[in-house]
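You will see two complexes here that share chain A, one where it goes with chain B and one where it goes with chain C.
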Partner chain A sequence: MNLSSILLLKEYNSQVVLFGVIVYSIGSALIGVFLLLQKRLLISDSISHATLPGITIAFIICSTFGLIDLSRNTNILLFGGLITALLSVFRMRSIKHNSFFHNDILYATTISVYFGLGIALLGMSQRFSQGNSSGLLTFIYGNTASMIFSDAIVFLVVSTLILLFILVFWRQLSIFSFDPQYASTVGMPVNFYDSVMLYLISIQTIVGIQAVGIVLVNGILIIPPVAARFWHSKLVPLIIITIVISMSSCYIGAVLSAVYPGIPTGSVIITVAMSIFLLSLLFGSYKGVVKTFISRSVYARIVAREHLLRRALEQVEEEVSNFLKKEGYSSEQESESEEYSTESKLLTYASRAFSISSIASTAGLTRTRALKECKFLESRGYLTLNKSNLTFYFTKKGLFYALSVLRRHKLWELYFMTYTNASPQQIDFSADTVEHAIGQEASDELSAQIKTKYTLTRLLGEKHH
Partner chain B sequence: MEYKQKHHYSPESASASSETQAGQQAIETKSLTVAYNKRPVLWDINISIPQNSISAIIGPNGAGKSTLLKAMLELIPRISGEIRFIGQTLSQIRTRLSYVPQRESVDWNYPIRVKELVEMGLYHKRRIFSHKTRTQKKIQEQRVWDALEQVQLQDFARRLISELSGGQQQRAFLARSLVMDPTILIMDEPFSGVDSATEKSIYEVMHMLRKQKKTIVIVHHNLNTLEDFADYVVMLNLSLIAQGPIGTTLNDDTLNKTYRGKLTLLQKAFGAVIEKGKLG
Partner chain C sequence: MNFIGFWVVIIAIIIALSSALLGNILVLQKDSMLADALSHSVLPGIALAFFLTQSRTSVAMVIGAIVMALLTSCISNYLSETLRLERNSALGVVFTGFFALGIILITNGARAVDLDPNCVLFGAIELTPLHTISFGSMHLPKAALSNGIVLLVNFAFTAIFFKQFNIITFNPSFAKVSGIRVTCLKYVHILLVAITCVIAFESVGSIMIIAFLVIPPAIAWLFARSLKQMLVYSSLIAVCAVMISELLQGMFIDRGLPFVGIISAVLGVLFTTALLFSSHGVLFRIVRDVLANVKTIQEDMLKVLLKGKVTKEEMVHFARRGSKQHDKKFWSMRMSRLWSMLSLRLLERSQFIVIEEGMVCIDAKGMQKAKELSKKHRLWEEFLYAKGKFSSFQVHRSAEIFEHIQEQEITTELDKETEEEISIPGHKH
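Moving on, here comes the complex of A and B:
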C-alpha cells in the first residue's frame, strides 16, 4: 500500500471510519472534560458495562422470536443496551442521594455486577437460542472497521446535541460542576442539568460501543481531558486542548490500524491516546513532570546560592557590628565622614577569605554542593576561588551582588511580617522584582525599616539601589 | 454606589421590600426535624432569628449545626417542619439569600479564577438568552470589583483558586455572596482555620451588612470570640436548648445543657465570667 493513500485515507471505507471517529472524538472530549471536573470519570465505564445485559437480553428475545435479521441490524441490540444502561445510571443516582455511598462504590459495583450479569446471559444465549451469538463478542471488543456511513451520521447527531447543550447551558454547567451545592441554593434546576448530562453521557457511550467496544469506550472519553489537564489551567483552553488530543488520537489510531489491519482500531486509538497522555504527563507545560523537576532543581540551586552568599555576608555583618561597638558607635550618631570610614572598614572585612565548609554548614548545604555553587559564582565573576584550602574571596561585583540579595531577602521577610494580608504564594525570594510585586510604597517603607535595623545594608546596599 | 440605589428602586425590589414587614422574623422554623434513616439529627426545632442581627448557631460537634443550615436551604431533605424567611418560602426568597459553605466542601483544584468564582454570584441576575446593555454589564463588573475590594482580594482576581491560602479562599466565597447583595447571609463556620486578616475582613463585612439592615447567620465554634460580634445566639444540641439575645441567653446553665458537661475547663471558666458580668 502506498503511504499517502493511507495517510489521506483515500479508500471510501477508511474515509467513513475516519470521519466517524473524529466526529465522535469531539463529543467525547466535550463530555469528558465535564466528567473530569465533576470527578466522575468512571460513570461512562459503568454505563458501557451496564449495556451488556441489555444487549444480550435483546439478542435472546430477537433471536428466539426471529424478529429481525441480527446479522444486518444491530441497532435494536444497542437499544436494549441503552435501557439497562439508563436503568443503572438512575439507580446509581438514587442510591447516591439516599445513602452515604461515594461515587467510587457505586461505579465499582455497577461495573462488575452488570458486566457479570451480561457475561452470564451471554453464556445462556449460546446454549438456548438458535441465533449465532458469537457476533455479540464484537460489542465487548468493538469493530471500528464495520462502521458504515449511517453510524457516522449518528455520531454527528449525538456530538452536535452535546455541543448545543454545553453551549446553551455553559454558565450553569460550569457553576454546577464546580459547586453543586451553591448551584442548588441559588435555585438552579440542578437535577435537570444532571439528568440531561446523564442521558447524553449514556447515549455517547452507547453509540461508541460498536466501534470501540464496551471495555475501551471509556478510554476515549477520559484519557484526553486528563492529558489536557497537564497543558492548561483554564476551562475553555482545556476543552480545546482536549478536543485536539482526542481528534489526533482518533486520526492517528485510524491511520495506524489501516496500516496494520489485524489490530482492532479501538485499541490502537486508546494506545495512541495513552501515549499522548504519557507525553503530556512528562512534558506538559502546566505541572508536567519534567517542567516541574527542572524548575524545582533550578530554583533549588538559586536558593542554595543565595543562602551561601547571605551566610557569608552575615558573618561579615557580625564582625562589623562588633567592630563598631568596640569603637563606641551606635546607629543613631554617625556623621557622613565616619560612614565613609566604616565603609572602607567594611570592605576590608569583606575582602577576607571565607571558608567554604564553615559557610556550607551554616547554610545547611553539603560541601560538594557548596563548592559546586561557588564554582558557578566564580564563573559569573562574583568570587575568586582558592581550591587548595577551599576558601573564596568576594570580588567587588560579587560583594554588591550579595548585598542586593541580602536586601531583597530582608525586604520580603519584613513585607510578610508587616503586611498580614500577604499570601505566602506571593512571595518569591529569588525574584528581583520585589518592588514591583509589593508596590513602591510598601517597598520604600520597608527599606527605611531595614536601614535602621541592619548595619551592613545601611552602609552599602543603599548606594546601589 | 450608584448601582446600589438603582437596585433598591427597581420595581422588583420595591415589591420585595413591601413584603418585608417589620414584624417578620428573618428566619423562622416550625417543628423542623431532620433524620438519617431513623436516627434524628435535628428534633423539633423552633427557632426564630430576628432581622438585622448577627446570629450565631452554637453547639458541640455533631449537634446538627451544619445540618440545620443545610435543611433550611433544602440541601438535605427534612422529615417534617416548616421554614420561613421573612415570612416567605425558600423558593420565593432565593435571590435574596446567600450561603457560604464550609471551605472543605469544594474542589479547590477546579480550573477557575477568583474573579470567575465571584461572578458566579451574579448568576440569578442573568437569564440564559437575555440581552445585556453595556451599562448593565459595566454595573455588574463594578459589583464584582467592589466585592473583591471589600474582602481585599482585588490583587488576586486573576489567580487560580488553588493558588490561594485558606483564608483567601474563604474570602473569595464571601465575595461571591456579597455580589448577590443578599438580605440574609448564612455562613457555615467561616472562621475555621483562617488567618487574622480573613477574620478581620469577615467581621468588617458582617458589621457592614448589619448596618445595611441585613441579617447574618453563622455557625460558630469558638465560644471565646462569640461576644465580639454576635448579638443573638441559637444553642443547639439535637434539639433547641436556648435562643435569644446573647447577653440574656448565654449563661452557665444553658452552656452546660448545650455541651452536656463536655465543656473544657477553660470554656466553663468563660461561662462563669459571663455569669459574673451579668450579675455585676
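Moving on, here comes the complex of A and C:
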C-alpha cells in the first residue's frame, strides 16, 4: 500500500465509510450548533442512552414470538429504540414545562433511569429468550467499519431533512436559539421548533447508533460546535467552521483507521476531533487561550505605562496648583479661557527630571518593571531616559500623551461625581481602572456631557481643596 | 436472609447514602451531569492503570480512575470557569473525548486480556460480598468497608461544611463576599464525588451511581424547604428505594433481573410519582388551576347577572369566553364548556342563582355576593389609579383580573389604602 492510495482511500470499503461518516457529521454539525447555542448539547447523550430499553424490548418481543430473523434484519430493534428515545424526549419536555428542574437534572435522570431499565431488561432477556442477547450491547456500541452503502444513503436522507428544516426555519431558529423568551413573546410557535428539533436529533441518533456507534454519535455532535466556538461568534461562520472541523476529523480519522485497522474507526474520529478541539482551544482566533493571554498582557503593559505617565504628571500638578494658590487664583475665579494658561504652566513645570523609583512606588509597579516600560516609552519617543541616575524627562509627545491620560482620569472622576453617589475614595479607585478603557470617542462624549457643568481647570484645583 | 443477600442490601444502602449526601449540592449547583461525565471518563484511567501495572488489582485501577476523574473535573472546570464555556458543553467535550480514548486503549489491549467495559457500566454487586476481609472472627466484605469509609468521610464533610454550603447554594456571590472559600470547597466536593463514584463503580457500576447521585436529591428538592431537609429527605428516599428494590427482587428472583437495574427503575418510578404528587407537581397544579378557573367563572357570572336576566345558553357562552381568556392551559381551553356548566350548577346549589325555564335569575344571596364583588372591582380600580399610576382607561381591564384574588386580607388592606373616595376622570361605570 503506498501513500496516495491510503490518503485517497482507494479501497471501496473505506470510501463508503468515509462518505457515510462525513454525511452523518454534516447533519450532526448543523443541529449541534443550534444545540450549543441553546445550551443543551448533552441532550444527545441522554437520548442515545434512552434507546437501550426500546432495543431490548423489541429484541425480547421478536425472539419470543419468532417474528423476524434478527440476524438478518435489525431495523425492528432500531424502531424499538426510536420509540423509547422519543418517549424520553417527550418526558424531558413535559418535566421541563411542569417543574423548576434545570436541564442537567433532566438529562441525568433520563440517562440513569432509561439505561438502568435497559440493563434490567437485558438481564431478563438472557433468561427469557432462546436467541442470543449478549450481542445487544455490542449492537449499541456499533461498529463504524462495518458500514454499508445503504447506511450512507439513510444518513444522506436524514441529513437532508435536517438541512431543509434549518433552511426553512432559519430566522425563527436563530431567534429561538439566541433568545427563547423573546421568541415566545413575539408569538413564535417555540414549542413546535423545539420538539421538531429534538425529534430530528432522536432520528439522527437512532440511524447512527448501529452504523457508526454510540461514541461517534455523541462525540461528533458535541465536540465540533464547541471547538468552533473558539474561532467565531456569529451563527453562519460558526456553522461553516463546525462543518469543516467535523469533516476534517472524519477524513483524518478514516485515514488513520485505514492505516491501523485494529482500532475502532468511531473512536479514532472522536480522538481526532478532540485534538482539533485542543488546537482550537489554544489557538482559536475568537477566544483561544493564546490570543486571550496575549491581548491581556498587552493590555496590562498599556495600563502600567499609562499609570507611570499619569503619576509623574500628577506630581507636577500638585506644584502647579500650589503655585496657582500662591499667586492668588482660586478655582472659582478661573474661567474657561484660562484653561490654556494652566496647561502651558503645566508644560513648563513638567520639563524637569522625574525619579523612576519614586514614581514606580506610587504607581504600584516594581522598579524593574517600571524601568522596562520606560525603555519602551523611550523607544517610541515619549521620554528621554537618563540611565545613570534613573530619571526621565518628558518629551513634548510624551507630555501630551500623559495629559490625555490625566484628562481621561479626571473625566471619569467627574463623571462618577456627577452621576453617581460614590465616595471620593471610590471615585479615584474606579477611575484608575476605567481610564485605560476609554477610547477617543467615549472621551469626547464624556467631555461633551460634562463640559456644560464644569471645566477641566476647575477640577484641577478642586481636587486638593 | 442469607449472608450474601444481607450484604448486598447493606452495600447498596451505604452507597446510596454516601452519594445522596454529595448529590444534593451537585443538583443544587446545576452540575448533575458531572456524575455522567465522570462515569464515562474513568475508562482510559482504568485501561492505563492496567497497562502500566500489568495486573488486575483493583487498587491500581481505582487510583487510575480517580486520577482520570480529577483530570475531568479540573479540565471541565477550567473550560467553564476561566474560558466561560457553558458548563454542560464543557463536560460533554471532555467526557466524550476521554471515553473514545478509553475505547481505543481497551480494544488495543483487549487481545492480551479481557478487560470488560461493561463491568464499569453495571458493576457486580451480587458478587461483592464474596471478597471479604477478616477481623478476628468477623468477615466483612471489602466493598462494605471501602464504601463505609467513603460514607463516613462524606458525612463528616457535609456536617462540617454544612453552614458554608447552605450559603453557597443559596447565594454564591454572597458566600464569596462573606469570605467563604467557594472555589476551594467546590474542588474538595468534586474530589469527594469523584472518589465516591470510583469506589462505588466496582460494586454498582457507573449508571447506578448517576441515579443515586441525582434522583434522590431531585425528589427531595420537590418537598424540602431547606438544605437540611433536603439532605434528610434524600437519604430517606435513597434507603427506601434500595429496600423496595430488594422486595421486588425477591418477587422476580428467578427472572435474572440485575439488582442495579431494578434500583434505577424504582428510582425512576419514585421520581415520576413525586413529580405528579408534590405541591409543585403536575396533578396538584391542574387541580389548583381548575379550582381557580371555576371560581373565576362563577364570579364573572354573578357580575353579569347583576345587570339583569340572561338565558342559560348565553350565560354558558359568556363564561366559556371568559374562561378561555383567563387561563390558557389546555385543560381549561378544551373543557371550557364543562367548567361553565359546572360553575352554573355550583352557583345554583349554593342558592346564589335560580334557573327557571332556561332563564337565569340572581337570588338575594347572590345579589349580596355580586355587590361585594363589584365593590372589590371598584376598590381595585381606585387603587390602581391612585397608587399604580394606571391611566383611567387601563384600570377597568386590570381590575377585571385582580378582583378575583381571593385573600380577604388583601381586600381589607385595599379598603384601608383607598379610604377617601377617588374619582377617576373619563371612566364610566
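In this text, the second predicted complex is superposed on the first by the 329 of 465 C-alpha atoms of A that agree within 3 Å, B and C clash if a C-alpha of one lies under 4 Å from a C-alpha of the other, contacts with A are read in each partner's own complex, and residues count from 1 in each chain.
Criterion: contacts are C-beta pairs under 8 Å (C-beta built on N, C-alpha and C of every residue); 3 or more make two chains touch, one makes a residue touch a chain.
Because the structure is predicted, anything quoted here is derived from the model rather than measured.
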State whether chain B and chain C clash or fit side by side on chain A once the two structures are superposed. clash
Contacts for A:G262 in the overlay, against chain B (first) and chain C (second): which applies, first, second, both or neither? second
Touch check for A:Q181: first (chain B), second (chain C), both, or neither? first
With the two structures laid over each other on chain A, which partner does A:R171 touch: chain B (first), chain C (second), both, or neither? first
Could you say whether A:K39 touches chain B, chain C, both of them, or neither, answering first, second, both or neither? both
Comparing the two partners chain B and chain C, which touches a greater set of residues in chain A: C
What is the contact status of A:A120 with respect to chain B (first) and chain C (second): first, second, both, or neither? second
Taking the superposition on A as described, I'd like to know which of chain B and chain C A:V289 touches: first, second, both or neither. second
Scan A:V298 for contacts with chain B and chain C and give back first, second, both or neither. neither
So in the superposed three-chain picture, is A:L238 touching just chain B, just chain C, both, or none of them (first/second/both/neither)? first
First, second, both or neither for A:M274, with chain B first and chain C second: second
Which of 39-47, 93-101, 165-173 or 183-191 hits chain C? In chain B, it is stretch 39-47
Once the two structures are superposed, pull the chain A residues common to the chain B and chain C interfaces. 39
For chain A, which residues count as touching chain C in their complex? 36, 39-42, 45, 94-95, 98-105, 107-109, 111-124, 126-127, 137, 215, 218-219, 222-223, 225-227, 229, 262-264, 266-268, 270-271, 273-274, 277, 281, 287, 289
Which stretch or stretches of chain C touch chain A in the complex? 27, 30-33, 35-36, 79, 83-93, 96-97, 99-101, 103-104, 107-108, 118, 121-122, 207-208, 210-211, 213-215, 218, 221-222, 254-258, 260-265, 267-268, 271, 275, 280-282, 285
The answer for chain B against chain A in the complex is residues 73-75, 91, 94-95, 97-99, 101, 105-107, 110-113, 117, 120, 123-124, 126, 128, 152, 156, 160, 163-165, 168, 176, 180, 195-197
Parts of chain A lying in touch with chain B, wherever the complex brings them together: 37, 39, 168-169, 171-172, 174-175, 177-179, 181-182, 184-188, 232-235, 238, 420-421, 423-425
